[in-house]
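The two complexes that follow have subunit A in common; it is paired with subunit B in the first and with subunit C in the second.
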Partner chain A sequence: MEIFAYFDTGHEFPEEIVMAAGFSPVKILGNVHVGTAVADEYLFSYFCPFARGCLAEALGNAQNWVGIGFAHGCDATNRHFDVWKAHVGKTPFFWVNTPMKVDTTAKGFYGKELRRFIQTLNKQYQIEIKDEKLKDAIRLSNEAKSLMKQLASMRTEKDISNSDYFEMTRKAVQTPKESLVADLKAMLADWKSRDPFPAEKVPILLTGSDVTFVEWMELLDIADFRVVRDDLSLGERYFTATIPEMADPIEALVAYACSIPQPATRMPSDSRMEFLVKVLDETKIDAVVSQNMKFCEPYALDAVWSVAAIRQKGYDVIHLERDYTPATDRQLLTRLEAFKEIIQQKGGSRNA
Partner chain B sequence: MRIYNNLKIWIISFGTKHVVKLFILAPSTFFEICEVVMLSVSLDIGSITTKIAVLDCKSLLGTDVSLTSYNVEKAWQDIFRKTLGRMCLKESVVDRIVSTGYGRSSVGIANKTITEIKCHAEGARFFLPTTRSVIDIGGQDSKFIRIGNDGNVMDFLMNDKCAAGTGRFLEVMARALELDIADFGKLSLLAKKPSPISSMCTVFAESEVISLISRGESRENIIAGIHESIANRMLSMVGGSGFVKPVVLTGGVAKNIGIRNALEKKLNIQIQVPDTAQVNGAIGAAILAQKI
Partner chain C sequence: MPNMPSLLNFFIKNPKVFWTATKNNLQQGIPLSLAALFMDYQKKSYKANRLPARKVGAFSAGMPVEFLLAFDIFPAFPEAYACMSGQAGVTQPLIEHAEGMGYSRDLCSYMKVNIGAMNKEYPCNFGGCPVPDLYITSNGVCDTQAKWFENEARRHGRPYFAMDIPSPVSGSDDAKREIDFEYQISQMHDLIKFLEKVTGKSFSEEKFMSIIKKSQEVCGLYLEIYEYRKRFPSPLYFEVQRAFMFPQFGMWDLDGAIKYYRNMLKKLKKRYNDGPSKKIGKPEKYRLMWEGITLWYGIDLYKDLAKKGAYVVYEPYTHAAAMRRTKTFTFDETLRQMAIENISNFYTLDLEQRIPFFEQKITEYSIDGLILHANLSCRPSSTGLQDLKAAIQKRAKIPILILNCDMDDPRAYAEGQIRNRIDSFIEMMEENKN
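The block that comes next holds the complex of A and B.
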């Protein structure tokens, strides 16, 4: 199946439409080991390194992709679309303008935008995306999301490393959905047989910028923190809800987009906080790790109030700024370990 | 039987676990067995220097400092052997070893690694038990540590991965001014009017210092300005209301009287500086080793 790559700084891109078009949607995540040098020719080094990493990946691989989709994630992605169009080969580009809000006007706008996207794909590839195909794609997508939700819920009970969890979420956006479902089922059997949650690990909620490379999750493992809940797009935002199976699949996608937890790129921020509070209320966690990648402005803007709000709920929270590098960051490790020492000397959390 | 510490304390080794401390009570050969004590050693491997502290359950027996250099393992092994050798102690009499600092995980013989944040808090309380705030300025980072009424670390802040406001920052400035860093403190006291350094970035600040030199600004004023910029950075990191008294300044940079003065002026608080400021983290680690 041909790959239709997409650049999405959150979980905004409607993968199901691409699946219904007969392509395999693959989220561009960049390659932190390759670096951003190729992209730095077109983007200054003080821009988001993740976005530069994605551009570097596109510059190297676009010839293997049937198309490149962009979803409006953070505002900077609007301008990235133009930069990519100017420099990334002849691969067809598509823009999906996702709304900032979730009110009635936004829903109407988004429905029209999704229909426009379908028409553009039909015209570009001389195909016809029918409702039935879209419904099939939604069913398949929902099967994967349900399995992911089951897997993620095991983090509180079983010995599931942060790296294992990351690998599951990465696969979800980079593997054809048919084989993904089989992989997730095998993973479920494996995770069920794992040892219980290790006593020495500190269960945490992870919030902030999307973590797009496994090494950062490994850093949390080294510091003995275990992510048992999160609100990341490459995480719970992706599978916390399924797409309603409605008569009109477009309306179903609109309803889905408006029902999932909102990221820091969307407004108002209340719904993002509501999700964090819900997570804190329903899961036993000892602390919250908030982080933003350097130059990731939406989360940096969000951090002060969100950290304060979490503290007000009585939780220990640390906020970290991290780099786009696979190298073990000793200073961040020191901060994390010192944070763990504080939590341990208190004898655990308010929930303990 | 070994003699060390100005011949006031004698140590006899019993196996590998404990030592018996004997005090000379009179010029005669009369000894009194005081108590069974635990001997702990700490290694604080910083980016510039490696520190060691040797402690029994009641007193600090010795400390030392050496350059870390590029070979971290060699650095701690050398200072460990040298210090124990100087004190006529065998490795087998050491009960507990705790490592701290950025190179803490490289100490294979350590019973435990503890972060420098907790160690500095403990070390500051050894110097002043009522300490509530610690400012630690080391080679590659600066920290603010808040201590609760119970003596535990409540919260901490660290600089981002940036040399501004650290020992490295001062080293770069000393090089630009062609001065020995050890002279910074006393020279800053001679400043008539500190020259403001507006750049937070070490590289840009160095350029700024070079510009000030070329304009004929005095070294004393420039150094005082550099110290003020470090104080400003600490203030912006913590915020004025974050400092709860008593405040203790630790780390190698604490030896610089100009930094202490600039911080006291900027924060409008009195700051205590232990004589052992540079080895404060190591002392804290050795105390914590006693509690393992």
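The block that comes next holds the complex of A and C.
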């Protein structure tokens, strides 16, 4: 199946439409092991390094993609779209202006925007995306989301490393959904047979910028923190809810997008906080790790109040600024280890 | 509770800051009549903060202020206050104060100046703002404005309305634009409902249209004056133009702004008695265009340029500030026009539209060189500058300088390095002329 790549700073892009068009949606995540020099020719070094990494990937791989979709994310996304369009070969480009808000007006707009996206795909590829195909794609997507939710819930009980969890979430956005479902089922059997949650590990909630490379999750493993809950797009935002099966599949996609926990690029941020509070109430965690990738402004703006709000609920929180690099950041590791000692001395935030 | 002190109280508490600001403000070369308007804004903001019956509404750039005025809400403009503070040269301690509150060094300096100044209870001319009764904002210029206001609304327990302005991208067609316009119009109706709820008053289309008539007149006058910048020599350079845009942009006193601009226009007509388009007279040695936000603290840079015969005579930033360009006569027509102007703004054009727009302005304003401000705390405005540079260099064949600075944070200004780059830029313009 041909690959339709998409650039999405959160979980906004409607993968199901691309699936219904007969393509395999693959989220562009960049390659942290490859430098961003080719992208830095067009984007300043003080821009989001993840976005630069994605452009670098597109400059190298676009010839293998049948199309490139862009979901409106943070405020620079539209100009990134322009830059990509100017430099990334002849691959057709598509812009989906996902709304910033989730109210009734925004829902109306998003529905029109999705219908426009379908029309553009139909025209570009001389196809007809029918409702039935879209409903099939939604069902398949939901099957994957449900399996992911089951898998993720095992993090509190079983020995599931952070990198294993990350790998599951990465696969979900980079593997054709048919084979993904089979892989997730196999993973479920494997995870069920794992040892119980290791006593030496500190269960945490991970929030902040999206983590897009496994090495950062490994850093948390090294520091003996175990991510048992999160609110990341390569994480729970992707599978916390399934897409409602409605008569009009477009309305279903709109309802879904407006009901899942919102990322830092959306406003107001109340629903984001509500989700964090819900997570903290339903799962026993010992601490919260909040991390901000360098130059990720949306979360840097949210962190000021969200970290304070979590603290107010009685949880210990560490807020870290991190780089986009696979190298182990020793300074961060030292801070994490010191934080772990504090938590362990207190016997966990909630049990202090 | 009023949070803004009088200037006298501020002076008593902060004499050093006051004198630094006074000294720096006197360096700006702003005409007294314009300075008087800013003092008037300060006075009115102070008064509005103390009148329990008068509501204060904070708005961000690009929001249709006329809706606030239609509800008799005083329009507080925190971004403008941050600019004034920048001119006064007092931003750094405020930025550092906000960073101490948890705001990252990489974030918008306007926001940090304002948050820092509010926390320290500074008056408007020093970056502060009365705690408003409500906030209205949008993501039209950047997400920061929307999130800044959201955070402040949360901090002060005030209602907040954000308008989602779709982002224009290269290759958008009319059908797409129509969806965006409709979305904007619907949100304006949502904004009216929000204001009705907060104020307990009903919206009057008639009153709104009378305000629109004035804002369109102010904007028309501003644009008529703007045209004179094409003349040799230009009557307004960036360092004054940046302040000159605020009476129409801030809309705190539309009648006062009309009077001020009419008077200015009358003087210009007398000075250039053959109209704005004819370029009779001696041109500046180097006429410059500046893309991006100005360096509010950087009057010395503009003075240095002037010493070398280089003057900034055109900026999309100040040109785009004129938001009511087209006269409208009915309510529905007005909302549609506002939607169009919000989305199709000179300052937020997509790359494919931006390149010919720049070419056109380079010709119209007889530009010899272009400065692109790669603004460390404004990433949306800095994205795409390399492409813009490459395209303009190829098409217009003029020297282009990219300056890496910050609009309100002097810590990002490396004076020696920038002077060297300016010298090379001037040499390139000279060579290009020859």
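The working rule: the second predicted complex is superposed on the first by the 350 of 352 C-alpha atoms of A that agree within 3 Å, B and C clash if a C-alpha of one lies under 4 Å from a C-alpha of the other, contacts with A are read in each partner's own complex, and residues count from 1 in each chain.
The criterion applied here is as follows: contacts are C-beta pairs under 8 Å (C-beta built on N, C-alpha and C of every residue); 3 or more make two chains touch, one makes a residue touch a chain.
Since this is a predicted model, take the numbers as computed values, not measurements.
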Fit or clash - subunit C, subunit B, common subunit A: fit
Partner, of subunit C and subunit B, that touches more residues belonging to subunit A: C
Subunit B versus subunit C as contact partner of A:83, first or second or both or neither: second
Touched partner set for A:245, first subunit B, second subunit C, both or neither: neither
First, second, both or neither for A:337, with subunit B first and subunit C second: first
C-alpha centroid angle, subunit C to subunit B via subunit A, nearest 10°: 80
Touching partner for A:298 - first (subunit B), second (subunit C), both, neither: second
Contacts of A:321 with subunit B and subunit C, given as first, second, both or neither: both
Overlay on chain A, subunit C to subunit B nearest C-alpha distance, Å: 5
Overlap of the subunit B and subunit C footprints on subunit A, listed as residue numbers: 321
Contacting residues of subunit A [partner subunit C, same complex]: 41-44, 46-48, 70, 72, 74-83, 85-86, 93, 95, 97, 99-101, 103, 105-106, 108-109, 112-113, 116, 265, 267-269, 292, 294-295, 297-298, 300-305, 307-308, 321
Touch list for subunit A against partner subunit B, complex: 321, 323, 329-331, 334-335, 337-338, 341-342, 345-346
Of all residues in subunit C, those that touch subunit A in their complex: 101-104, 106-107, 139, 142-144, 146-148, 150-151, 154-155, 160, 162, 164, 166-172, 175-176, 179-180, 182-183, 186-187, 190, 350-352, 374, 376, 379-380, 382-387, 404
Footprint of subunit A on subunit B - complex, ascending: 102, 114-118, 140-141, 152-156, 158, 160-161
